[in-house]
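The two complexes that follow have subunit A in common; it is paired with subunit B in the first and with subunit C in the second.
Up next is the complex of A and B:
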């Protein structure tokens, strides 16, 4: 009897603990263990040649900074990262760049990390909206107090005038950077135009006619009607039409001769929507245009399904992308066009361009201010990436290896293409855009210039910060939903005024415009 | 009570890890729900964050959203459609499989039908694009080649919910059938034998023996599913929906994800989460009470 009891006891205990152990092994324990092991591995790898007290000495002197970005870029191993080594040699700061997902995954991953209390020293703010959340939570360092220590950076962006577009609600949270170009470009297949006997369109009506021909006249000559005259990546593609009417697919604030207005309130917006609808009704628009993303659109272009597109030069004319686009049909001759004229007497414009620097701006954790060494390292790094030496390093890599200077001009070597794919991430204060792009992508120079010279609607939307209890997200959603409705005919355009009325009554659009005007005046964007 | 525990203490000891798990990971973390009533600040943490003013601020924000009614409506509609169309097919499939005489064929059908359960929604979305996309999809290709015009299966708001429910049924039917198959296997075969002797046809046997005996399992499934009525399937809809169908695809979870999680508005996210849980709890109790009227309650 006693023995039986003992066996039962042992079995019960055994089961209990085996369950507990497997539980630990699967969920809690193993990741920790793994990281510990990895760390140990790394330590042994990096510390083989160094003696113990030497490494202790370097870690004492060299401040470490963690930088976090969200891009689909493959980073080399820390040991193979020549750029971080160079920065370490130059200013004695050990920078480590980590990638945390891309696109909206980045926002989610970054938020999760920050909520866990693990805030990177420096990171790219995913959006103005997200940045405002961080600021409200007291997570971001305000740079206004440190501007006197950042003189090289201030000079680099061109003084206060260059800093202004980086401010948010009048305060400088974003690391100021040189303005970056807008890449969007309207493109058309010249070889197809020749085949169907059409010219490059300059007006909306011509564009519609050409789109018809490119859809129904079998430009690829395969006997099947499988082409679309016009496509784009996402709803934005319709900006090819709408911006010439002073409108856009989204709510964008801009200055007209009558003062501040929104693209939605443009007197010609309805005409623009009518034009979009005529394109759609004619059956010349890629029906999946809203769901397209740049990669999908590129695939469709390569498969010879698209005749004209609202696209961008980088996804198109960079050699690697051009090779993809012409892979199936090497004769595909894509050229860029001027914006289509809506013949309203106004300058034709294509797409929007924000007057505020928002894309890919860096911010600094507020915790850095509590640690003088780190703060010093951050300031050093910011000033270094705008110095001639530093900026060349983050733009072009190592002299003699990745580029050579010939007659004062920078000429890239083949190694730049293979070894420097990730270094642009370190362009914290941006770069001299035109010089940089023409060195890096000489094959695309014409399209880069064309994109830069295209007339666009200059918007101030990103400079406006709405109060917390305003349903901004919902408003934008409602706008998107209805613009889609108007363009694709699920809601008649005759109801457009009613739609604006709904925005005013249910979503507080009128209040939004009022607040926007006050804030833009306050920030000196308008009088 | 204590005597019972003493007598069977080995069993209770084995139960212990499970209890500890629930106490630590389910009840222990529950205090975090108070951030629904606070202005949660990441830096200050849960306890030090200030209380919301007014206390129900985040609930009010949700209900003041012009989208609140749309979002709740879509959630309930999609959920109920999923229950209505998703409850019967597994029963039918299970009966068909169990009545199938060819053992070899039966195994293949069963495996093939529950395989989709293991695919993630992202993969299923890829399959859907391959079939239903208007510009490149196979079905639209056939349609256009046969002289019909192509149809926007994935981007037409009028049919989007049908696509969601349809794919959900397709994905889950085989898996849900397993539990009915088990129930059918547990039915006393003498009942069928008696039926045969009394001259019942196959259909009559299904109708008078199999179906009534599956009622308990069916109601159990129903109770479990009503518990998740407020979850209309986040991962499915988040992957499949585009902005063209937003008016019919936005559900509570996607709204909370965009407004709460992505914008670091954790208080709002947990307020809506709490609301969902409370409603689900009420529904589960309600269904159970209803089920007890037919003596089939879960507890």
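Up next is the complex of A and C:
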């Protein structure tokens, strides 16, 4: 009996140890030979692990950089990545772009890597909050000391003005980048307007009337009342109305005649909310508007359920999307509109436009400073992607293969569509937006221009960094819930002032405005 | 008697109706997914985004998935992970569950809490990453195979199953001179096929769905598993970016079918073990 007990116990313990030992014994073999080779190859390529020294020895003059991003993009294999080869040929830097999940997965995976001491040489900061923590822990390289070596980059972003939004506490941690375009567009079906005998609306009242007709006058002629006059992608859709009143569905900071203010504090915000509620009460707003995402809205438009929408040119006018939107009704004639005039004497505006472009900025690991080769490689890369040659490469691919230059204009070839799907990831300092979009999506050029030229509220919200103990997310959540309540009638608009008071007392909104003002003054956005 | 038969028939009819309803509720979403994946997107939209029986059939969405350059490689990797991982899981689980099922195991009352503790309190992502990094498993498939070699919940199920096997069977084997390993191999395992096959399914599905571990532990893009590649094709709408195109509903549904089919295919082979009577006639008297 004793013997049996001993055998059983030994078996249990044996297993526990064998599992642990198998784990430790990496050198003891791997699932197959191919895996070992892949591992060796990976380490040589990426230089992620402790094999840095070895890989430096094997590739001697070629410095290696690992770049990490969080996007759902399919990358080619290293040997098929023409872009990395070209960069290597041009500046002698072996860049490896790795994708570490997307969205919240990226934040988790990146944090785990960073905690494990595996800090990528360069990576996209998942959020300002996360970046603040990295900075506090001394993980991010401050670029101020190297600005004299980054003159091309400084010139590319337009000097100090382009650099200052990227500073955190006065220091430059984020790689500055050129401003990115705004895509939001207000669109309407011209063919339906003709059917119901309406004109493109220019004022709020006209828009409400047109929305009524597009809802109740059976614009699709199927004898069923199955259309909605107005929809959008999420609560933001109501910015089609609110921004003309100086408001917005979210808290956005902007400069008015009286200094810094928030869209929530706009004197006409209540009028804007009343107008939104009139749209909702009239039964012309897609009841799912808050839950819609771009994909759902695109499908609804394709299914001929929507007459007017707050959407964006990319999801509409890119050929691939246009084909989808017009698949059911090839006669669907979606045109874009000017912002609706609230007739308050102010310029009609549609949606917001951030004055600063810091979302998705690249940062550099502080460890790079200890390795002169890597530091040199980073500086070379940053200057290369803004040079004419380098920027063309990361925007359009290889000349003669992915694009041709005809009369000084860049003309894309079919191969650009098929072989360059991933190269935008390498646009570390962004791009010349208008030229880029016109080359890549010539079919949508008109809508791109219209989106760029639309009057919007210029916001500075992104430039403000709140202290860690300020519960920004909670405040934004509370704002969102209440704005939905005001628009859909679950909270009377007469309580709006009380709502602002609640923000002040419970969430420190007043404090937020003060800090924002101080920071914007420091950054030179206001006096 | 006649009345009894009538009431039986009514009961049967009632049961059939209820089961048919359950069947429809279960099959309907699957049918919808398959139908949308086979229908041209314009046809889907014409039906208001909803259809059950496709009128026009196209395999475009599937073609698009298969033609994606990373899919064949990712598929091979995932099959490898699933097969190798499941073998490791089953061996480890059985070999650990068997001794733990023995009431006379020395130190059992200390071992069981030791096993259960990590099921309730686990270290979290970062400690797991640090551990795997220190074990030099980053960038190797070991990282997907070894840390999850035993799922405690599955271990407890197998242990409970072993505990229910009649001790007399083992006694008789031992009397015949069988070693402990022989008892496990020749008696416990063959009698436990239903639970082992259930675990095969659970573990295999778990490996087939490997997603986050692949992102975390395999930095090399060409080592990624199928779910990671499919997710990348499905592009979440995080940021508005002109370079990203939202995939169509058809493509999304095709991906669901594509990633589910292999598991659905192995299910019938395992199902018979679920329903198989086990101990019938094993112990007499």
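Rule of thumb we're sticking to: the second predicted complex is superposed on the first by the 459 of 527 C-alpha atoms of A that agree within 3 Å, B and C clash if a C-alpha of one lies under 4 Å from a C-alpha of the other, contacts with A are read in each partner's own complex, and residues count from 1 in each chain.
The rule is short, and it goes like this: contacts are C-beta pairs under 8 Å (C-beta built on N, C-alpha and C of every residue); 3 or more make two chains touch, one makes a residue touch a chain.
As the structure is a prediction and not an experimental result, all values here were calculated from the model.
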Open item on the list: Just to be sure I read the superposition right, which of the two partners does A:228 touch: subunit B = first, subunit C = second, or both, or neither?
Closed with: first
- [ ] Tell me which partner A:320 touches in the superposition: subunit B (first), subunit C (second), both or neither.
- [x] second
TODO: Considering only the touch criterion stated at the top, classify A:115 as touching first (subunit B), second (subunit C), both, or neither.
DONE: both
- [ ] Give one of first, second, both or neither to describe whether A:405 is in contact with subunit B, with subunit C, with both, or with none.
- [x] neither
Open item on the list: Tell me the contact category for A:100 with respect to subunit B and subunit C: first, second, both or neither.
Closed with: second
Open item on the list: Per the contact definition in the header, classify A:434: touching subunit B only (first), subunit C only (second), both, or neither.
Closed with: neither
- [ ] On the superposed three-chain arrangement, identify whether subunit B or subunit C touches more subunit A residues.
- [x] C
Task: Contacts on subunit A seen with subunit B and repeated with subunit C across the two complexes - done: 8-9, 11-12, 15-16, 19, 23, 108, 111, 115, 117, 305
Task: Contact footprint of subunit A on subunit B as seen in their complex - done: 10-11, 13-14, 16-18, 21, 41-43, 45, 61, 64-67, 133-136, 144, 150, 152, 154-155, 157, 242-244, 246-247, 250, 258-259, 261-266
Open item on the list: Using the touch definition from the top, list the residues of subunit C that touch subunit A in their complex.
Closed with: 41-42, 45-46, 48-49, 68-70, 80, 84, 92, 95-96, 98-100, 102, 104-107, 111, 125-126, 128-130, 133, 135-142, 145-147, 149-150, 174, 180, 212, 215-216, 219-223, 228-229, 231-246, 248-249
Open item on the list: Help me check something: in the complex, which residues belonging to subunit A touch subunit C?
Closed with: 1, 4-9, 11-12, 15-16, 19, 22-24, 26-27, 30-31, 35, 38-39, 41-43, 45-46, 48-49, 71-78, 98-103, 105, 108-109, 111-113, 115-118, 183, 293-295, 298-299, 302-303, 305, 312, 314-315, 318, 320-321, 324, 327-328, 359-360, 421, 424, 437, 440-441
Open item on the list: Which residues of subunit A touch subunit B once you look at their complex with the stated criterion?
Closed with: 8-9, 11-13, 15-16, 19-20, 23, 104, 107-108, 111, 114-115, 117, 129-130, 133-134, 137-139, 225, 228, 235, 286-288, 290-291, 300, 305, 469, 471, 473-474, 477-478, 480-481, 484, 488, 490, 506-507
